[in-house]
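Chain lettering (A, B, C, D, E and F) follows the sequence in which the chains are written, and residue indices restart at 1 in each chain.
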Amino acid sequence: MILKIINPNTSSSMTRNIGLTAQQVAASGTKVISTNPDSGPLSIESLTDEAISVVGVLEEIKKGENEKVDAYIIACFGDPGLYPSRELTKAPVIGIAEAAFHLATLVATNFTIVTTLQRTCHIAERLLQLYGFENQCKNIRATDIPVLDLLDDDAKFYDMLLTECQLAKDEDKTGAIVLGCGGMSGFTKQLQEELQMPVIDGVTAAVKLAESIVNLGLYTSKRGTYEYPPKKIFTGSFKHFSS
Amino acid sequence: MILKIINPNTSSSMTRNIGLTAQQVAASGTKVISTNPDSGPLSIESLTDEAISVVGVLEEIKKGENEKVDAYIIACFGDPGLYPSRELTKAPVIGIAEAAFHLATLVATNFTIVTTLQRTCHIAERLLQLYGFENQCKNIRATDIPVLDLLDDDAKFYDMLLTECQLAKDEDKTGAIVLGCGGMSGFTKQLQEELQMPVIDGVTAAVKLAESIVNLGLYTSKRGTYEYPPKKIFTGSFKHFSS
Amino acid sequence: MILKIINPNTSSSMTRNIGLTAQQVAASGTKVISTNPDSGPLSIESLTDEAISVVGVLEEIKKGENEKVDAYIIACFGDPGLYPSRELTKAPVIGIAEAAFHLATLVATNFTIVTTLQRTCHIAERLLQLYGFENQCKNIRATDIPVLDLLDDDAKFYDMLLTECQLAKDEDKTGAIVLGCGGMSGFTKQLQEELQMPVIDGVTAAVKLAESIVNLGLYTSKRGTYEYPPKKIFTGSFKHFSS
Amino acid sequence: MILKIINPNTSSSMTRNIGLTAQQVAASGTKVISTNPDSGPLSIESLTDEAISVVGVLEEIKKGENEKVDAYIIACFGDPGLYPSRELTKAPVIGIAEAAFHLATLVATNFTIVTTLQRTCHIAERLLQLYGFENQCKNIRATDIPVLDLLDDDAKFYDMLLTECQLAKDEDKTGAIVLGCGGMSGFTKQLQEELQMPVIDGVTAAVKLAESIVNLGLYTSKRGTYEYPPKKIFTGSFKHFSS
Amino acid sequence: MILKIINPNTSSSMTRNIGLTAQQVAASGTKVISTNPDSGPLSIESLTDEAISVVGVLEEIKKGENEKVDAYIIACFGDPGLYPSRELTKAPVIGIAEAAFHLATLVATNFTIVTTLQRTCHIAERLLQLYGFENQCKNIRATDIPVLDLLDDDAKFYDMLLTECQLAKDEDKTGAIVLGCGGMSGFTKQLQEELQMPVIDGVTAAVKLAESIVNLGLYTSKRGTYEYPPKKIFTGSFKHFSS
Amino acid sequence: MILKIINPNTSSSMTRNIGLTAQQVAASGTKVISTNPDSGPLSIESLTDEAISVVGVLEEIKKGENEKVDAYIIACFGDPGLYPSRELTKAPVIGIAEAAFHLATLVATNFTIVTTLQRTCHIAERLLQLYGFENQCKNIRATDIPVLDLLDDDAKFYDMLLTECQLAKDEDKTGAIVLGCGGMSGFTKQLQEELQMPVIDGVTAAVKLAESIVNLGLYTSKRGTYEYPPKKIFTGSFKHFSS
């Protein structure tokens, strides 16, 4: 089974990290391909960054259709391009935010999201509302760590994360932590150990959900919303999207 | 990994069927134990049946704690005893209704539940509300097939199911079908083939979700609601629940 | 009119207290029978306690059908077994949590629940959601008084309750207090006097609601969800539930 | 105990009917006073009728404060003036719509409202939303019987009501009927008999709820929203409202 | 185009202020008439004040129908009489609370209301719920400035307002301020300048929305809820409302 | 005042039509610029089309910042790129779907959307949920007219639209019609005339809302979500988005 993990930003070191994290939990029969678009933002910290990144995500999905990909993961916590991606393929497409939310509600009655910048909290709020997890989320906490700084493997950032998680535990009286950035995956185990409560990382959660769906013979429904798009002419720099 | 599937009713032939279905999708390293309580209703078709069945479910969980069980599945569509079960163990406990809902929303924007008796539709409604899937469920359709009749492997029942699924497809314009009874598992593949859309069975969905959670090193949170119960004296026929 | 009050735990002193409280507000023509199952938890402080207690509640309802009972009250704040109980009888069945919520919203725009252990707050949250009172509840406050300690008639516990109620008044700016445990009934009057705001106890509220429904000639609907259960074989220690 | 029932319209024959209905269910110690304002609409069939009727309701409450009234009922299905009335008195004030909704949810999992004119359905919708009963209401059905025609005691109107109730039973699969107009009270018993399901009339429901609240020593909270209004000068024809 | 602004209280100096504020933003072709009823409360600070004021509002609408009015504004933050007013005319009728909410959501993802008395916060809560803006409102803050004191043009009141707006900015992390009283209109510009964030006043917002609707040839729908009221006899002091 | 209307698809004839419609309702001092990106889908009929179109929308906003634009309109019914656009400018940005919803709720208690393809209905559902208009929308009806066919000015398409609007009027008993595609603007007046109820077109609604916001001195809040994006490197074909 081929699992293609798309990092929507263009930071190849983050792509590598995400791929390594994914590989560690993937089943023995799963071949993990991690990739990122050539064109797009180096990190995703605004609605604009996110919107632009969607083009690259869709291109990676289209490429994937010739690569015999069995399932896709979109590895940015805003799940950019999740819905349109599902139009382009019958393979399952899983966002790391939704993956984390789903598993969190199976192990705790509620959870707190610990994310990067304050300004991105609203993106998480919208996802919770769209997906139906509003009641289960106790709080969204920002650490104000810039996304790419998470690659530095600096103890300082781990400490900032830990501090906010402790507040989630003590003040929110939350049942589980959801890490709100693909770049935080590497800290999951250590945080869970130190906090003594479930800490959910979307990347690894998405790997297992994608494998689950493929193994069950399920696939993205082509009835209704996720039907393949109608034939369409695209102009200019998007000409290659024409069908 | 030991996966214990608890059929909350006392029909051993249904337990066997559910166990076989589960085994078919389980990973090679997963040992599936399917069981049912000695005491309880022969099938679950009312709120009373469901309420009584919970005692047996909890007893099976308690037994499981001495059996080195890694994850539990409650294999009745009302998810009876799901929340109290999570108090009694750190292992994940997955209900087949919640499992089906979670996977359905990952492959379609909405789904229709096709279940047994009309009177049980309200149970499903309450679960959707508690879990946060109200907006994603298009309709709940009753076939009025009694639960145990599903064991008869009678083509008549398959046809009744198929008819209702077709209505879900055409009238509800739904994106996926969720089968609303553990006893329907055997029909999943054939229905999916014939309907040409995702058909989700909670038993197999729960197997993969339980494996996913165990593989990720996650566990039922012991913070807040699912904390182990305080020491307690039980009297009379429930004396063995004392701690 | 015969009003049967079922204390779902097996503490007979609590049963007696609840019965006395109920008798004080019952109409002259109402005969109050207070009882508790022989088998079950001595107090209800977890989801497991609650789930096991339901069996005893249902047995008391079934016995009640031969005792010419006109209405039932389930006197534990989680309303354990409320819905299945309504299947077993045409008489009204009232839970003390729902009773308190209903009356609270008739005398104030919002209310705060003051309950026993922190871990039970989530039970109240789920009831508010199921019953439709989420918007009217300002807060749920735990005193962390163990349920049976409330029987001690210790001034210390009254003071702990009062302290939390004062916080509800001052910090939540709440309009009314709902007492979140049947064992708190005895404190209601004194608290209301001292706080100068409505304090609602579910036991007495349920008595008046049950009388109201009986006096109006209303009864539990046998259309849909609360229809009598279909004939069913129960096995083992639950054989007596067979019909 | 003095119970003042305010019919917000100025039809004295409807006032008399409502009073008789109320008296039939009132406890022996309850003195029912039924009244209507001198000024206002002869019946309430629009938002304008309702808005104007509120002035008379508030005047009746103010008069009631000198009449040693223990509880008030507002006997029009839109509950006109319910919230401001609660500012003017510490006695409980119950609207017949809210009363019917509360009792309906205690005897059935859901209900259908059968009312007069189509155009008033939206009033009921807003009340359901404000009170938190949106999920429990299956449908709102209009008979298009003008309010005052209900006084004619004409078999034709009973038949029109019955027809709509039957549709509620068969098509909505509803658990209980709520009658959506004070003028329908007289038909309650006969409908319940013929339909074999609970039929709830707000007038009698409100009588029992008002008695319940008074008997429990509860009262309208003077904390927050229902605090007595601040001193105020009213001018012109409303000068008498000055304080 | 004639725009009639109805101040529902009887303070003519407030009416004058509101009229001036409105005139400043009105288009050159818009003739602003500001008026208030002769009868009613001098200011609106309770549900009772609000309820009584509705009569005067409706009378002003009825008069307006002979004055060739093209659009109406109800200039009190509780939008008193908004829905019945819409029955009486085909011209648009805009409440200043709804106007402010609509525009706030077009310039920010959320807003905080800063209003007068604590006791009126619940009025705003109900409006947010009825209109569908619950999720967008971060907080409702009371300054406890009496309504008529706002006319004093006293620096003290500006400072009290500013203080609360600063808290909204810093503690609520809100995106915009909605001023919760028609009497605050005069402070809008200065507050926006000092806070460096959008401050929305309902009076001016309503002027532009009313003009927009008229210019687009839209009008109050006479289908359903806002249909003209049926013919009706009114008695006593409301005889003039008969049709 | 310069108002830039961005048609997110690349059909210049649709851009021209939209510009003409907008100009007809714009104030005399408003200069309307209508434009479309060079690159992108020729029409927007899928989530993919919509996602790709966002890049062009954002480029037009960035260009607009050098063109002294006072307000922007995004003229496609899915409001593509609305939220990120608001990050890039302090000028108001209005989507035609939100504009239509806002005005519809000011003239009717509910509305029905009549749109193009069935598959796009879900886009409208998500917008209603995000914006808070779920309760006010009675129905979403698809005509299954392809977007570009609307340019043909063919009586057949008008008739198809009219038919669906009539069903909205008769079956949904809706209060107003919202046209669900920028390409339908030209039919608004005729439909409103023939249906005798308000018909709202988002393009013209957005023009008036944008003018309103500018005239009131309001602007997109730079507090929180819509803050300018942080400095960022974009790579490849999106290099020009770097800041």
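What we mean here is this: contacts are C-beta pairs under 8 Å (C-beta built on N, C-alpha and C of every residue); 3 or more make two chains touch, one makes a residue touch a chain.
Remember, it's a predicted structure, so these values are computed and weren't measured experimentally.
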{"item": "Proportion of interface numbers common to subunit E and subunit F (over half same, under half different)", "value": "same"}
{"item": "Per Cα centroids, the chain farthest from subunit B", "value": "E"}
{"item": "Distance between chain centroids, defined by C-alpha means - subunit C, subunit E (Å)", "value": "44"}
{"item": "Distance between chain centroids, defined by C-alpha means - subunit A, subunit D (Å)", "value": "53"}
{"item": "Touching two or more other chains - residues of subunit A", "value": "109, 118, 122, 129, 135, 173, 224-225"}
{"item": "Touch list for subunit C against partner subunit B, complex", "value": "10, 37-43, 45-52, 54-55, 58, 81, 83-84, 86-88, 117-119, 122, 126, 129-130, 146, 224-225, 227, 229-230, 232-239, 241"}
{"item": "Of subunit F, residues touching subunit E in the complex", "value": "25, 27, 92, 94, 98, 102-103, 105-110, 131-136, 169, 173-176, 189, 192, 197-198, 200, 204-205, 208-209, 211-213, 215-226"}
